[in-house]
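Presented sequentially are two complexes of chain A, the first with chain B as partner and the second with chain C.
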Partner chain A sequence: MAQLLAVEIIYRGVFQKTLAKNITRGIVLAAHNEGKLGISFGRYGDAPERNGIPGKSFAIVASDEQTLEAGMAQYEPKQVDVTVVLDDTLCKGTESWAWYGLRPVNSALKPGRTLIVISLQDAPTLLKNIHRREQPYKLGIVKGIASFSGMWVFKDDHTDVRVLGTIAKALPELFGLASVEKFINEKLKSSLKVTSARTAFERFSAVDVKPGQGNPEELFKFDLPGWGAMRSGVSIKGQPQGGPYADPVTKELGGFRPARNELFKKYSTRIMRPVVNFATCTKCTLCWLNCPDASFDVTPDGTYDANLEACCGCGICEAVCPVKDCIRMVNESEFHDNNSQWVEFKKDKGAYLKSLEATIQKAEPIEKRTHGFRYRGQYQEQVPAALEIANKG
Partner chain B sequence: MSTFVDVKPTQNLEAFKGVKKVPHEEYYTSGHRTCQGCQSAQIMKLMAKAAGPRTIILGSTGCMYVANTSYYATPWGVPWMHTQLGSAGSSALGTAAALRVQMRKGAMKDEPINVIAFCGDGGGADMGLGAISATMCHPDYNLLILMYDNESYANTDIQISGASPYGVNTSFSTPGKVKRIMNHRWKKNIAPLMLVGHPTVKYVGTTCTSYPLQAMNSVRKALSIGGPTFIHCLNPCTKGWDFDPLLSFEMGELAVNTGIFPLYEVECGKLKLYGKTDQIAKGKFKRLPVRDYLLKQGRFAHFVDEDIEYFQSKIDEMWDKWLVPGIIPLQKEIEADNPPAK
Partner chain C sequence: MATLTQSVDEKKKIYEQEALITGAEAIAIACKLANVDVVTAYPIRPYDTVMQYISQLVADGEMDCEFIVAEGEHSQFEIVKHASACGARVFCGSSGVGWMYAMEALTVSPALRIPMVCMVGNRALDDPGAFGVEHNDALAVRDLGWLLTWVDSAQEALDTALIAYRVAEDRRILVPLAISCDGAFLTHSQALVKIPAAEQVKKFLPRYDRGDLLLHPDNVISVAPQANEDWVMEVRRQNYAVTEITCDVIREVYADFERTFGRKYGNPFFEEYMTEDAEVVLLGMGTLSTPVKVAIRKLREEGKKVGFVRLRWFRPFAGPELAKCLERFKAVGVIDRDFSFGSPNLSGVVATEVRSAMYTGSSTRPPVLCFIGGLGGREVTVPDVEKMTDIVFQAAQGKAQPLTQWIGLRG
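So, the complex of A and B:
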């Protein structure tokens, strides 16, 4: 009986590109050990890849050559048997380069199949972000810190083999643990990695997600113009000029909010978000001036409010802000909406500042963050902590 | 002494007097498909803000073309047109000439319209160099060519360009076990090439996105002086240089403070160093070691101490031996060059 199985890896562009490539390669080579054929490839629409942008890598594995060719004839697998999410902040949905709007991470999953997320959070917390769908599926968590590295340097913290071990448990039709171990022994030549894969296999379990369970948010989408609706030549409409906007309390107009590209929002690129203390802001303009995404609205008060639909979370505002703790970057998984912080602040200053105090406690110190290469030797320092989580489970 | 052709500038744009005086209007707004912390997008934003609404921008192929106009959407708020990779110069000259003719014939309203063409380091320092050079030789058209330099062909996944620094890791110069240093070339000295090679050009400047006010004022000065002008802007590239996006600002400052990228402008033949570069030249600021800059970037992670020392010695040479320190690489006496990796 001809069988075609597909695995999709959703990853953070550039930071996890090598990791995703290593995993899909491992899937194909492990399946090889069971006499199956396969191919791994990245999503064409993601290239050229930008850092932080949600990307996808695929592995398809078939029982025979003809079935594999049938699978390869597709642009990308429409339905997959396993989806792996390499960073839990991606659970809010992915907006690729191409013309899709926002897509849930579980959208390609066949009914009853497994979504695997690398996270330190539990399933109910993740389901606050993962969008609901009509078909049931399973959600499994691989406990770990999202493994980020750079374009030229790879952080080898065993995430690749842990995911392979997990897939062997979640989808035994694809390959068994023995094939994964054989692949690691032959190609990666590391007994430590074999242990990591085996531990991940033994520890993994998935919970059932019922239809309708999950984030009820309406997805950001737009109408695609048909070719008859497109303008002559290849001209497209530019952005209009922005203007002042209303204070939520006094209703007076003031400040400045630029017009923004409605067809591409970029917020699904965000790994961390800026949290602003409007009470200590000195209105120095630096965050606004240095933001490459023009994501700061100038409020009627003269302070600067990060527009969370435009912000992609680079952290430059935090780096240039001269006031201590005025702008801090906090992991995106702590938040569940894109509402204006300034509006919250204006409505109830006391409550906002109180919640802010609790929120910035969760901000990681700049030197400990793992979003890309920082200094030579950094990854070697970080790997033991990642391995400890891997071993303790 | 070169003689300058007297050309009436398109308009006189006064320098912004301080960050608080910078207008709120954005002509390059949110929603572009760039990396987190993209400094090339940042100079686009600053350039458009500095030039104002009556501006035509021409963009040659590169990150700032692909990321800004894909899939029927754009962040541009001023007219923008794509031009071929090597034709930033010719398209700018053609547009400036066409505007003048149309206005003279009464086919369009006679009003001040800035013409800016931007190109990446691949489009400017490599492929488009000939066309830019030709454009710089036409002193009676008002235009600005801005080269945003991220030291590689970043859009197509970081291939080596003429502006890539020594020893750097790119898709075309990946270090191996046998050969560690795969790029033996030094960065092309592009702004001095423009100013020495085209003595009638009235404004050639370098700038960096870590100094946004100064970058905007450079653009405004270049647009107000008359004739063709050139700006070289260094943009740290978080993807290709491989550093955490939040270090984007710091990386530009380090490039200047280590003396690797000098900041200066040449206005009608008169050289003016500014910022930390000026302090370095006057001995008021001690250059930071290049190690601080190199080891923060994944693209130099393969460097051993000898490579860093060699890099440092070349930067020292640039400041201590060059006849015009930091800018013109002519020396009275030439010493032997001994790179550690052959």
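So, the complex of A and C:
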């Protein structure tokens, strides 16, 4: 009987593009060990070569050539049997660089199929971010630190083989563990990786997610206009300038908030976000001046509030801020909304500063980091934690 | 620029001067009359004569414009592109490989709706480095949304330049336009040209208005963003919509030109010469019209009923209209001053297009032969034309002829 199976890998541009490709290649080659045919490809419209932008890679596997061709006759699979999310901050949804609006990470998953997330968090925490949907599905977590590397390098931390071992458990009709092991032995030539894949296979389990369970957020979306409705001359109307806005407590107008594009939000591009201590801010303007995306609102107090519609999480503000711990970049998975930090601060300063203190404990060391991304030597620092995960699960 | 005579037709209120000028000079004068705001230049023969004349007009205080000598053709066309986006009426041009060096700027301009008017002094593409005329330079942009016209006299060059601004800057059109002038034969030879009065030109040519496409601090827009497959097809469809109406706009503008200046061009898209009773016709673009017309008059004396169709507008290509014209004849001989290597029947560009137009637009489908000749500036001689006519007559009589033949080639 003809069989067509598809796997979708959601990853962070640049940092995980090689990892995603290696996984989809591994899927096709492991399935080929069982006589199946397949292709592995990346979504072209996304930006595998833009820092942190959500991207997708796919593997399609079929029992025979004609079934494979039927699967290839569309640009990319609209329905998949497994979705793998390689960085848990992506659970908030994805937007390609061309901005279709926000897409939940589980949107392509067939009913009852499995969403696999690499994370140190548990399922209830992840489901605060993963959007609810009408059909049930399974959620499985591969415990691990998101594997990030650079444009030209691949961090060989076994994430690829662990995911392959996990898929063998989650979707046995795609391939069995033996085929994954054969692929690793023949192509990757590493018995240690075979152990990693096997351990991941043995440890993996998934929970059922019921219809309606998950993040209730209304999705940001818009309709693409027809050619007659579009402006001519490949031109886009500029944004109005913006202006002062109200203090949430006194209701007095002040400060300056630039008007921002209604169709262009950066919610899903961030791996980290800046958290601001408005009590220690000296109003030096450096974050506001240096932000490449003009994402800082000037508050009526004269402090600077990173507007999370516009912030892409680059971390330049943290790098230029001269006050200790006034702006810190914290992993996006710690947050479940995009509310204004300044408004929270104004409503209850004590509570805000207390929670800030706890939040910045989770910030990564700033000294060696450039522009919010990973830094040289970080992998070595992660090895003890990674070993613990490997040993204990 | 010696002014010879001044003629005034009080009844028609037409005032004009007459001067002995080259085709390039005629276009320079048209730029002055059109009150062009920004001119960019970079020397390459034979286009460079036009920049020479414009710079002289500026130096003499006759013309007020920004005259920018760029560091290369790419910048030359980029500068006018941006100036045009900001609302300036612009002029530039090039020749041969200079035009090709500007190619990236040429490709982006139609989608951005930039009505730049250019002169292409047609020149053979390198290699070998040669100065003479060949039409492959201008034809390289034929599929990209440019409007392309070929003229065959200095008078037509001047008139067409004025018409070009009206057509290109029309709010319904707004795409770039190139006027092709055969190198040497037109760019460098002087003829008597009637120059209309500035007031008359002002009446004919309204102010350039980009409307809400104007790049200006008071109209904040962002132009030329990166887009993915969700947007590109719609952008292309917008340019296609321009091509659907361009022929109508060109007809309107020629009618208005005749009303304003009293000079009549008839069908804007192609000129017919002695076709009324013709059995066969030759067809071509540019200055080869001169030897062809002379040869036709000679052949007519010998009783051979041959006519000539000179294509003025290559883009838009008036396909249905041309097919209706050509289906009256028993055979058609297209003289291509270009080549299209590897094309169907290994013909030239024009013959291939004519055949395509005939396939859908004519009921009779007479044989369409292609003659490749006059390349690199080689003369198309009267005996050449006689020889081509003879071959076309043979085809008309049902004697099979090769679909493509090289004329004036050493064997």
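Rule of thumb we're sticking to: the second predicted complex is superposed on the first by the 364 of 393 C-alpha atoms of A that agree within 3 Å, B and C clash if a C-alpha of one lies under 4 Å from a C-alpha of the other, contacts with A are read in each partner's own complex, and residues count from 1 in each chain.
Methods note: a residue touches a chain if its C-beta (ideal position, glycine included) is under 8 Å from a C-beta of that chain, and two chains touch if they have at least 3 such contacts.
Predicted model only: the values in this text are computed from it and were never measured.
For the composite obtained by overlaying on chain A, chain B and chain C cannot both be accommodated without a clash. In the superposed pair of complexes, A:57 makes contact with neither chain B nor chain C. Of the two partner chains placed by the overlay, chain B and chain C both lie in contact with A:230.
Of the two partner chains placed by the overlay, only chain B lies in contact with A:265; chain C stays clear of it. Looking at the shared chain after the overlay, A:14 reaches chain B, while chain C stays out of its contact range.
When both complexes are overlaid on chain A, the residue A:313 reaches chain B alone and has no touch with chain C. Considering which of chain B and chain C touches more of chain A, the answer is B. Of the two partner chains placed around the shared chain by superposition, chain B and chain C are both touched by A:238.
Only one segment of chain C in 220-228, 274-282, 310-318 or 364-372 runs into chain B in the superposed model, and that segment is 220-228.
When the two complexes are superposed on chain A, the residues of chain A that touch both chain B and chain C are 97-98, 225, 230, 236-239. Put simply, chain A touches chain B in their complex at residues 14, 47-53, 97-99, 150-153, 225, 230, 236-242, 256, 258-266, 269, 271, 284-286, 289-290, 292-295, 298, 307, 310, 312-316, 318-320, 329, 366, 369, 371-376. Contact residues on chain C toward chain A in their complex (touch as defined above): 111-113, 174, 212-213, 220-225, 227-231, 233-235, 237-238, 241. Every residue of chain A that touches chain C in the complex is listed here, in rising order: 45, 96-98, 100, 224-227, 230-239. Considering their complex, residues 19-20, 22, 24-26, 28-39, 41-42, 45, 53, 66-67, 69-80, 155-158, 169, 212-213, 238-240, 242-250, 295-299, 301 of chain B touch chain A.
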